[in-house]
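As written, the chain order gives the labels A, B, C, D and E, with residue 1 at the start of each chain.
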Amino acid sequence: MSWGKRKKPLKSIAAFVLALGLLSGCSSAGSPNQAASPASKGGAAEPAKPAEPAKKGEPVIYHLGETVNPEQVTNFNPFLATGNWSTFFDYVFDSLYYFNPVKGQLVPRLADGEGKWSDDNKTYTVKLNLKAKWHDGKPFTADDVLYSFNILKSNKALDRYQLWGEGRLADVSAQGSDAIAFKLSKQFPSLPYYLTTVYIVPKAQFEKENAAEFLNKAPIGTGPFKFRSVNESAIVLDKNADYFLGAPNIDQLFINRFNNSSTLTLALEKGDVQGSTGTVAMPSVPKLLENPVNKLQVYPGLNTFSVIINNEKPALSDMAVRKAIQLALDRKSLIEKGESNGVFPANPGFLSSVFGDAVESKLIDDPAYGYNTNESIKLLEAAGYKKNAKGIYEKGGKPLSFTYHMAANAPAQNKEGAMITSWLKEIGIETTVKLVTWPELTKLLMSGDYELLQNGIQTPPDPQAMLEIFHSKMTAPNGTTAPGLNYMRFRDADVDKWLDEASSADAAKRKELYKQVQNRIAEKAPLAVMYNVGGHIPYRTDKFTGYNEDLPVTSALSLKQVKSK
Amino acid sequence: MSKPLLHVNELGKVFGSRSMFRKNEFRAVHDVSFRLEQGEVLAIVGESGSGKSTIARMLTNLIPATSGDIMYGGQSLRRDKRLGRKLPTFVQMIFQDPFAALNPHHTIGYIVGRPLLVQRQWKGDTRPKVLELLQKVGLTPAEDFIDKYPYQLSGGQKQRVMIAKVLGLAPKVIVADEPTSMLDVSIGVDIMNLLLDLKSQEQLALILITHNLGSAKYMADRIMVMYAGQMVEYGPAEQVIGEPLHPYTKLLIYSSPDPWRDASLTMEIIDPQGMEIPKTGCAFHHRCPHAGDACRTKSVAVTKLGGERQVRCHLYT
Amino acid sequence: MSKLLQVQNLSIEYASPRGVVKAVDNVSFSIGKGEIFGLAGESGCGKSTTAFGICRLLRPPARLAGGSVVLDGIELTELPDEQFDKLRWSKMSIVLQSAMNNLNPVLKIRSQLMDAIVAHEPDAGKEAAKRAEQLMRLVDLPADRLDSYPHELSGGMRQRVVIAMAMAMKPSLVIMDEPTTALDVVVQNGIIRKILELQEQFGFSILFITHDLPLMLEMCDRIGIMYAGRLVEIASRQEMKSGPRHPYTQGLLHSFPPLYGPKRRLEGIPGHPPDLIRPPGGCRFHPRCARAMTQCSSREPAVLADERGQVACHLYNEEGLSVEQASAARE
Amino acid sequence: MRYNSVYLLKRLGFAFITLYVAITLNFLLPRLMGGDPASALASEKALGSQEVVKALKAQFGLDNPSLLYQYAKYLNQLLHGNLGVSYANYPSPVADVMVKALPWTFGTVLTATLLSYLVGWLIGIRGAWKAGSLFDNSTLFTAFFLNSVPFFWIAIIFIMIFSFYLEWFPLGQAIDPGIDSFSALDKIKSVLYHAFLPVFTLIIATLAGHILVLRNNLMRVLSEDYMLLAKAKGLSAARRKYAYGARNALLPSFTGFMTSLGHVIGGAITTEIVFSYPGVGLVTFNAILNHDYPLIQGSFLFIAVSVIVCNLIADLVYPLIDPRVALN
Amino acid sequence: MKTIIRIAAACWSAFPGKKGKLGFVILVWFTVIALFGSLLAPYPKNFIGFESWLPPSFSHWLGTDSYGQDVLSQMIYGTRTSFWVGIIAGLITTVIGVTVGVVSGFKGGWVEESLMRVVDLFLIIPTLALMIILASFLPSMGIVSTILIIGCLSWLYMARSIRSQTMSERQSGYVEAARTIGMNDAEIMFREILPNIVPVILANLVLVTTQAVLAEAGLSFLGLGDPTNVSWGTILALANANNAVLFHAWWWILPPGLAIAFFCFGFILIGNGILEKYRANRGNAAL
């Protein structure tokens, strides 16, 4: 044996392993689309840079960037709470109505116009647009709609918005071949908003499976885009030339997947993708906008970031303290420095500005609820608090010293938290910051085991639902689990009364009641609001045009209209 | 019969790991008996692997014996648990490698004084006693040495420190495991002389473990020759060297270089390259020019001959 | 006897953090063809360093500081590396201490033996394999041991392999640095007899280095004694046996307890070897010498060479008489 | 065959015990740390309704509070090759998710490890052989420095330089999004093109360790007597360097080669995140963010099993290349 | 003052070799910043009043970040966190590693077998992944848990190294010598053996400290650290999350990475120096 002989096998082993490693990688790259793509493989297009303008005869491809985990695109079953990526369904499936967060309105999709309430306001009838067709060519029928709603009834876990919950849907039935009647057990005027949360699926495909466990790898929808394939980097959708609301102008929609928003932002800047559904690194937005081809669409949303205050804890049960905290938040700074102007200032009355005229909009700019530390200090001193040696206000020997929980794992939010705690320090309120995991944060909220807690509260697309988080039926004393989102443990008899009244009142009356509730919330400061997070959608206008800015520009209905320049 | 200072009876040691998978045993020492009286020097001679160091370690209780017994002044090390604790004041050991046996991190004063404190033979400052001990082993002026660290000393000085440390506990028996083999010969002689002098002064018994027949003859009153874990020959030093009985002893003496030997002396040597020690019969039969059938099959017992001599060989049964 | 190796004023030193160590200082000796020359001394006296200096295997920071080494008429110290590499093993081979470390643990004996041959005769090929077997037979090892790894052999066998390897190119000089030190006496005896047998057969010269003076007196033709980097005495075996001249040699010889003769007290040599960074002035042995005189500490003794050998000690004047004898004769 | 049965049995036994402990650890750790994925999921999507929480818990088999019951169920499922169903990817089986991610990580990690070792060895050998030279000192300093740099920082710097400024490489991902319509050759090209930066990052980040280990080993070997003897024999420098020196220096680092896989996979987690590379690291990280117990367990199990298997392979190969091990 | 100079001079000569001295200078540099950060930093911690994305200038040597914070000041405050995380986690690791290593190396037998099997076992499981799991599942995250997690998971290699060192010490004669005078095990382990392996412990301490700093940076980068405490890792995480690359804000990306690298570099140099000196000493002792 000699060294010379030894060397060769070593080298060749190295080369073999190398090749093996990389080939195994690419074989798996190939396999999912072979398995999942029902369509035949397209002509061998050269690996052109995605952003190049389309040449003649080549498909027009729109590259949409999205931060989505690789595992989240393994399943295209829109019923499941997990393992899927909800934004995707908007392109492939239709719901009866689409909630347009830009205008706060419902847009009919599979429904043919607005539905009709019965006289007792307990039945809502929706007419169906039967021009719709499933991607596999089969006709769309009322049965599909009935199936899609009734499956939620039989699978509690799928009914994430509790449509079949207490006092809500009692029965869904067909009214002839082109209408569906939603019967309620109690008046529930918000029902149309809730209808936006259910995607209609083809009964023929789903009834063969258990909807709660169906791993849908080749989704069939009625939507503007057809599923073609999925690989490690993108979901590829073809245009639905037969779409009943008009065929898209682009031939293919690539949903390019990024794991982090930084890379996505860079891809946008470089033109690898033309738009995103929203998750970009907020601080990068101003830089993006330095390039005139980049635009940003911002609209308020349903998620309100706040310093949530536990109203049952000592000192925090004192309205003066809560108010002082509310006044110590410089919302403008938070929005500017923390969120780079990509969010909307929140309404001290809590209702998101997305709900248009139901919102008491004067509260937003009312200096009485704006940043004013002098006023904070005045309030505290008026309430009998005195500064101690450490410069912290105290009463009866008990200083205003609170724990301040926030989620770990969110650098921007933590930065904002640091800003807030330093402001609180300025007005003589001491905080001990505790960072916890997200589930732990939820647990603390539910059990009321916290004092101050920075987090967002997300509500369904319904003003009633948004305000009902202040209803006392949504809370429970500290130590017991809150049945609803009233984590603040806020109780106000008037608010309860007004909300109960609104739940069955007509539209005008409701608006009026909502405004009353909002004013009371602003006044009592059960929590200190920061900002509304909705959409902040960057998009490029250098290669494509025709975005509909009345909708989220990268939503299915807008992208349908987009065409290449 | 009066109780000897040290009585070793059928001592045996089996090393082995009994793992899940198989037994891996090695018989390091087998059936060794001897006795030692005050003022006596016994040399245990053998090649590496003969088991001589194992005996030294069993005598000082560094490793336990697996069979047989060691008795100090009639007390059994095996049965008398209390003896174990105070054994250090009874028997002490001098190690082969003075470079390693002194903790490089401590001063000479600490090293020599420490045993006194550990064995509660001294209270308070050990310095005067340490100075006295250093003086005794010829490290003079002792003041110069007491605060030094081992690395500041030469090999011979280190071995003297080792001896001083050992003397501190006033043991009755000292086991010296190749005390000079790591030292230059000119220094080694001094150490041997020191040990002999101390032996007479302090009325010690000395066990010298060595592979060097010359040193054994120089130091010892009696010599015990070890081979493959067994004692093969025992007797007064002059006799064992002068008129060896066992073929192995003869081989050993013949192989030891000595320019003054009788040049005409020749010997038939059987050198079974790499062959393992036989498991049956006499352990030496594969190298023995006189081996007969009995040697190959029958194990040998010790034969006691006149004049205190003992030999383990079929030739003398 | 013609000279095979001539070492003249060899000096080797190395830098240590505390200063320059003169490990070998002005050492001169020669070895005749077919002669076994022993170099003896205690640890640190520079005997191994001398050997490494001769075959240019000094490891940094040790370096040759001066002197010349002539092997078979070739001046070795100035030879370029490539030429010296060709000369290695073919003219001069070396046997190191018999530790496990002598052989490459991951190569079979066969390839290590063949390496030595192929390095000098790249075309040897099959013939090299045959020669490897012959070499094994030479040292009484079965040829099938060629396929063993070093760890599968006993210490004595390994040393035999190393000796076999040293014979591979039939060198004219074999340097043996403590070849048997770590071995048991019986094994040592076997190997020494094998070395003598091979030497008789092939007639090479041996530079034999050991601290074991009795062993040396049994096998070497001439013996040089080193102390603290200097060669203090050279004498034939007979002269050595009958009575060395240098007080150090005398002391050393009397430090080995003899096997024969009546028991008598040995004296050894008091003190310990000097620190070679700051060696004592004059004769380096004088601090330990029982017969030291005033001049010993101030003047380096000249080397006296005569028919009995050579000695560097103030006790002896030009005539080879001791100073006492000389002064006694004068009076 | 140099194997002896005891050695073989011992290694296999250890591999199995390790596997068992890893399995148990995988089960226990996430649960002991607290957290309740069902409530978290429910509160995210279902407004904190207890009814939905209950339904979700039942769905994921968390309704039985007994840890022992869950453990038994977990082991039983494992025996049937069932790693459970991912929460976040419900109803995708964990195995499916892992099988998709594994090739990417193994491709990059193995390639990077092999190349890194190769380059590190070569540099280390050269450095030790010429110890004290300019080359040695500069590589040593660079290695010390690189040894101290976080993987993800290198990744960010690479993205900044090579992807953003120079635009030589993509900003991340493993393949071109249009792969669907590519020819086989273009697919391979695309994969290699995308893998370059992540692999390069892993190489740079791990190179230093290999250089240092090999250099130290070789320095030690060079002081051995057989190296001196090899020189005395007149062997050529190349033969001394490789057959005598490097080979002895490589062997101790061979087992390290396999164990270092775990370290590299650890580093690959942050690297994959920066490069949006769809491997095990990214899956693990996302699973952790989603509190997806079965997926975390699965990903852990896959990592552990791979490393255990690699170790076992190393243990079995070792006696073939180092004769000393066989005796043991 | 004089004593400080004397101590400094003693330290200076204690650090072996040029590399060790360079490492010492780096260590002193970071120590001074860590200890006197609040005096050195030009602006207060987390002050956000400046314009965002300012490139380096005289008033902001390292520019400002997306929040309008002075990067230099953040770096200086970050030094403190990273420094203490490294040191404390390193000490925890050392205590565990030394205890396990010394006990298993000294005791041998089943104690060693079982401890080392555990070590082998955990060595196989990737530590960073394990840390991520622990960190992300802990109900609350703070600097203390970061330190504990890092400290408790990094001792494996150290235990091994200390064990092998202890084993070689155990074989050296002074341990047997200590036994023969009747010292008990604890005394031998901690009075006799421990002082002799101090250099090895120090060298290991230095290494685990750098590992701790790197691990903290990694966890912070993944958002699993404690963002209320500014550290080099959180600065990098913020730079990455806020897309400093897009803004060409190299002044926000390079300093934290380089700081981590230099800090660890300094420590590794010191460790290497200690080990080299130790080996040299041992070598000489054996001669």
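Here is the rule we go by: a contact is a pair of C-beta atoms (placed from the backbone, for glycine too) under 8 Å apart; a residue touches a chain by one contact, two chains touch by 3 or more.
Remember, predicted model here, so these are calculated numbers, not experimental data.
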Using direct touches as single steps, what is the fewest number of steps from subunit A over to subunit E? 1
Topological distance between subunit C and subunit E, in contact steps: 2
Set B-C beside C-D; more C-beta pairs touch across B-C
Please work out the Cα centroid separation of subunit A and subunit C, and write it as a whole number of Å. 88
Averaged-CA centre spacing for the pair subunit E and subunit D, given as whole angstrom: 23
Where subunit A and subunit D are represented by their mean Cα positions, the distance between them in whole Å: 36
Could you give the separation in Å between the centres of subunit B and subunit E, each centre being the mean of its C-alpha atoms? 49
Using the touch rule from the top of the page, what residues of subunit C touch 2 or more other chains? 108
Out of subunit E, which residues touch more than one other chain, so two or more? 136-139, 222, 240, 245-246
Touching at least 2 other chains, the residues of subunit A are 2, 266, 409, 437, 440
Which residues of subunit D touch subunit C in their complex? 223-226, 228-236, 239, 243-244, 247-248, 251, 321-324, 327
Taking the complex as given, what residues does subunit A use to touch subunit E? 261-262, 265-266, 269, 281, 283-284, 287-288, 333, 337-338, 340, 408-412, 414-415, 417-419, 422, 433-437, 440
Note: in the complex, subunit E contacts subunit A through residues 46, 48, 52-53, 66-68, 136-142, 222-228, 234, 237-238, 240-243, 245-247
Subunit D partner contacts - residues on subunit E that touch it in the complex: 117, 120-121, 123-130, 132-134, 136-139, 210, 214, 217-218, 221-222, 236, 239-240, 245-246, 250, 253-254, 256-257, 260-265, 267-269, 272
Could you please specify the touching residues of subunit E with respect to subunit B in the complex? 172-174, 176-183, 187, 192, 195-196, 284-286
